[in-house]
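Paired with subunit B in one complex and with subunit C in the other, subunit A is shared by the two complexes that follow.
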Partner chain A sequence: MKGWHLIRLYTILFYLFMFLPIAVVVLLSFNPSEFGTFPMTGVSFRWFVALWNNDAIVRAFRVSILLGAMTAVISTTFGVMASLALVRYDFPGKGLLTTLLIAPILIPEVVLAVALLLFLRWLDMPKSLPLLLFGHVIFTLPFVLLVVQARLVGIRRDYEEAAMSLGAGPIETFFKITFPLLMPAIFAGMLFAFTISFDDITGTMFWKPGGVETVPTQIYAMLRNSISPEINALGTVMIVLTVALPLLGMAIARQMSANRK
Partner chain B sequence: MTTPTHSVELSGIVKRFGDFTAVERMDLSIEEGSFVTLLGPSGCGKTTTLRMIAGLLDPSEGDIRIRGRSVTAIPIHKRNLGLVFQNYALFPHKTIYDNVAFGLKYRDIPKSEIAGKVQRALDLVQLPDVGSRHPRQLSGGQQQRIALARAIVIEPDVLLLDEPLSALDANLREDMRVELKRIQAQLGITTIFVTHDQSEALAMSDTIVVMSNGHVEQVGGPEDVYVNPTSAFVARFLGNSNLLPARVGAREGDVVPVTVDGFGTIRLPASRCTAVGQSDRATLVVRSENLRLAGDDAPVPGDALALPADVTTVDYQGQAARYFVRIGDKTLQAVNAIEMHPHRQGARVKAIIRGRDCTLVPEERH
Partner chain C sequence: MTERTARLRPWYLLSPALATITFLLVIPTCFILVYSFWLRTATGADQAGFYLSNWKEVLSDPFYRDILFSTLRIAAITTVICALTGYLPAYFIAMSESRHKSLMLLLVMLPFWISYIIRTMSWINILGTTGALNTLLIDLGIIDQPLSLLYNEPAVILGLVNFLLPFMVLNVYVSLEAIDRNLLDASRSLGASELQSFREVTLPLSLPGLAAGGLLCFVLSAGTYITPVILGGPRNAMFANLVFEAIITQLNWPLGSVLSILLLIVLGAIVILYNRLVGIGQFAKTFG
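Entry: the complex of A and B
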């Protein structure tokens, strides 16, 4: 019994350690005071307004959202195609391909980032937005692949075979049967890809061309100069986005799959 | 040239998976409008055969013709076949109406006629009012009926069913069996049915194809394969038989004397010995319902052998009883209707085997 009490205490302390800083950031983002310190002098949205009026941040948001959306679309498209190939067909080198596609989540991100950069140097190409996008796609693809593959394995071949026996060709069968049944996973994969891309800092630092900032790199840049309360507000926005989006996505995905079972 | 009465013809079909041969040199002709069952134990290649006919698997060798046209090079979606699976495989994201109408969209059918055809198909499977529901809102039996409606609404050349009843519970299975047979007869559609359930096969088929280990053991009507098995495998697989090693004597007119060691000689009509050639060794098949147990005073017909037997086990089944009896050094099974009361365990009875009830099949090779 004693042991369990200790474990419980330990767990509580652990979570406090993990989440307290986040809670402090969120709390302080509503503090009207110039200095991000306790005690709070009231509740205000002034730092959020300041955020809105800060061109650099708005620009960073625009870059992040565009990058995230493109990453999501490209990653999901490739992820779905690769999953279909890996789950539905047999071909030589399948194991190797799976390993290659999943590898980016097993390799430390810094290593991946540097590797891609070295590769670029070898090709004698400058850093560019497409490179950043490419990096994000490589990095998010495994997540999409895992989600979509798991769902695809669960979709029995029967459905596709029934459709084909009724006269639908392979492409029609994909769009009328497989794709709709796969929709929840595709949706979830897209959200994953978007969130991961939106949140990413390590790879982005290495890959982004000069002058372009995403929200995380922007925060990082701001932190180097001063600790403005604006950063607290920005952090709060990021937390809401990266937590709420997947939750919302999961709820929608659950709703969708309930209609398809 | 092929005769037009043959709806499906397999010639020299072989299917290999790597080194493993799942189907060996299969030849089969299926008549237009008939109900043919592929019957055999698990893993004998029934599904593989069906999937080759459907176009879901390519045969390694051989040719498949449907209505005289070779289909080996034709992909599944151009074969015009109706397919029904064990797990129904109704599209879960479509309504019942859309499920049934699915195949019609790929055929040159005016839009105005689609609704009528779907409704007629739903009427045929006796579920006229479920069009707006989703598959998950139907019971297993209802889903299987819809799967059948979806397959027949396209007026396929052949209907292929892979164990369509085995996911249903026992009572429902019996109802569906009758239903399926009724619909098949009404439409006169050539049907290939896969099952490992012998009672399903016996009850529904015009022709049964008994398979084992990738090859055809016997093809015939239900009564034919049941009463006249041509191999020990078929005798063992269908119903319940006693298989006895026997020596075959020289044929005397229409009668063949067959000797079982320890039992004596039984005289079989030559018509029951056609599966055995000139060989002098064979296996005598005595169905357990044809091994009659009687009291000591019962009369013995002329072509019968009467042997003293000890009842070792009695398995009471209501209207009948199954006995295990010891005759000499062998244990045999007998299923007899019960008159008054069953024989008791330990009783000494007379086991009567009539020649005309026995079948001679080639000796089993081990």
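Entry: the complex of A and C
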């Protein structure tokens, strides 16, 4: 069992390595020093205040949240529909279609970005928010599809068949039976799509119109000068947004379902 | 009539997703393939036609070849490091009987939710001349002058490994978790030592997960754009940086198309090879 203890120790080191950069960002964001580096000279919220007063960052947040929300809604709608077809129906060419639909995961992001940009520019579509939205939908669709499909397989067909045999049509069955059962999957898919969109930088760098920044491209633009303490504060805000809020949501949901019993 | 509607129903459901993929992915990709044969004229306008000059330029110029090879080298090194360092944590989580197992798994997935650029840029906080590591070493009296640890290839690889390790760990974990524990007990009761039963049973059965994780690590690191820009020096450009340079800075679309298609062909060949050896289905399991 000595080997097992060594593996455990190693696993702890692995977690430390994974979370080291994140911990450093959070720690430094509270450092009042002008240079955004060690040593820590105290604890202060001044960089968070500076962030709040930085118009460029607030604007970038607005763009990112809007883009992420629209991406999540479109991707999840298309993804849920396609998953229903792939899981609940048999038809020729299913395997090929599944591969086609998850292809964007396996194609390098740069290639996707170039292809979409050149094609739509050739059609005289300017670099714009809709172009960004199209791109983000393409990136996120396969992930939503995989997540929703996996959940859908786990939902037994009996309920749907029971509803149908009691005289409900397919659309009524979907909205009264399948949809409520699918809610967790839809929620997970939307959250997933939002996070991927919110975090995307490579594609966004190709597609974004001049003057428009999302949070990641804003950070990138700020990095070109030097690491300012504001970036660390921004990092902490993003970590709280993308980690703490979903975890809190999950905890509340669990609490609520526990209370109901 | 109703039977016909029923037969068409999956196609109605699929049509938005299929239309999206077709118009935003399939046609654009075919378009840049065609575009890669167009000619960039002296006036800057692109002339439609079938010219091989862009391809000849890219394939014969050692500049592009060198960067392609160094990109593949960096991707390969990153993949091997991820496999070597990521296997044991996956094994620990899969075999653990601790009640914190799902928490351990959640912690592996947590970095996915945290901004990639933040995690990458934070290595500057750690490795920079006034970063955590140099400050620590100087305070301890081990060094007098800060070491220069950033803006080189190892820093790029470090950033990539930190970003890609969870992909590897999750894929290996999924295949380890699926192993029937009775097989392990059987091998032990037939006299195999713990190490033997790992080598003969566990390791071979986890290879598909290792391969899926490896594929993801390789494809993602070979296509990476932002890590070399932030953590690498001017001589550590990777292939995606060339593509960005050609399209956005030089506005040379035919050249950018050639470079994109070349990257797609090279990585596509690797995906196809993987599909032959392992099968793409292994991939979807991780999300289940």
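Simple rule for what comes next: the second predicted complex is superposed on the first by the 226 of 261 C-alpha atoms of A that agree within 3 Å, B and C clash if a C-alpha of one lies under 4 Å from a C-alpha of the other, contacts with A are read in each partner's own complex, and residues count from 1 in each chain.
By our rule, contacts are C-beta pairs under 8 Å (C-beta built on N, C-alpha and C of every residue); 3 or more make two chains touch, one makes a residue touch a chain.
Because the structure is a prediction, the values reported are computed rather than measured.
Asker: Return fit or clash for subunit B versus subunit C, each positioned on subunit A through the superposition.
Answerer: fit
Asker: For A:48, decide between first (touching subunit B), second (touching subunit C), both and neither.
Answerer: neither
Asker: Between subunit B and subunit C, which one contacts more residues of subunit A in the superposed model?
Answerer: It is C that touches the greater number of subunit A residues.
Asker: Name the contact category of A:180: first (subunit B only), second (subunit C only), both, or neither.
Answerer: first
Asker: Looking at A:166 after the superposition, I want to know if it touches subunit B, subunit C, both of them or none. Which is it: first, second, both, neither?
Answerer: First partner only, subunit B.
Asker: Quick check on the superposed pair: does A:141 touch subunit B, subunit C, both, or neither? Answer first, second, both or neither.
Answerer: A:141 contacts subunit C only, not subunit B.
Asker: Please provide the least distance in Å between a C-alpha atom of subunit B and a C-alpha atom of subunit C in the combined superposition.
Answerer: 7
Asker: Can you list the residues of subunit A that meet both subunit B and subunit C?
Answerer: Shared contact residues on subunit A: 170.
Asker: Quick one: in the complex, what on subunit A touches subunit B?
Answerer: Going by the criterion above, the answer is residues 156, 158-159, 161-170, 173, 176-177, 180-181, 259-261.
Asker: Which positions of subunit C touch subunit A when the two form their complex?
Answerer: Spelled out, the residues of subunit C in touch with subunit A are 7, 9-11, 13-14, 16-18, 20-21, 24-29, 31-32, 35, 85-86, 88-89, 91-93, 104, 107-108, 110-126, 128, 130-132, 135, 162, 165-166, 169, 194, 219, 222-226, 230, 239-240, 243-244, 247-248, 253, 256-257, 260-261, 263-264, 267, 271, 280, 283-284, 287-288.
Asker: Which residues of subunit A touch subunit C in the complex?
Answerer: It comes out as residues 3, 7-8, 10-11, 14-15, 17-22, 24-25, 28, 35-39, 77-79, 81-82, 84-86, 88-89, 91, 97, 99-104, 106-112, 114-120, 122, 134-135, 137-138, 141, 143, 145-147, 149-150, 153, 170, 195, 198-199, 201-202, 205-206, 215-216, 219-220, 223, 227, 231-232, 234-235, 238-239, 242-243, 246.
Asker: Which bits of subunit B are touching subunit A when the two form their complex?
Answerer: Residues of subunit B touching subunit A: 54, 56, 75-83, 85, 87, 89-93, 102-103, 105-107, 134, 136, 147, 150-151, 154.
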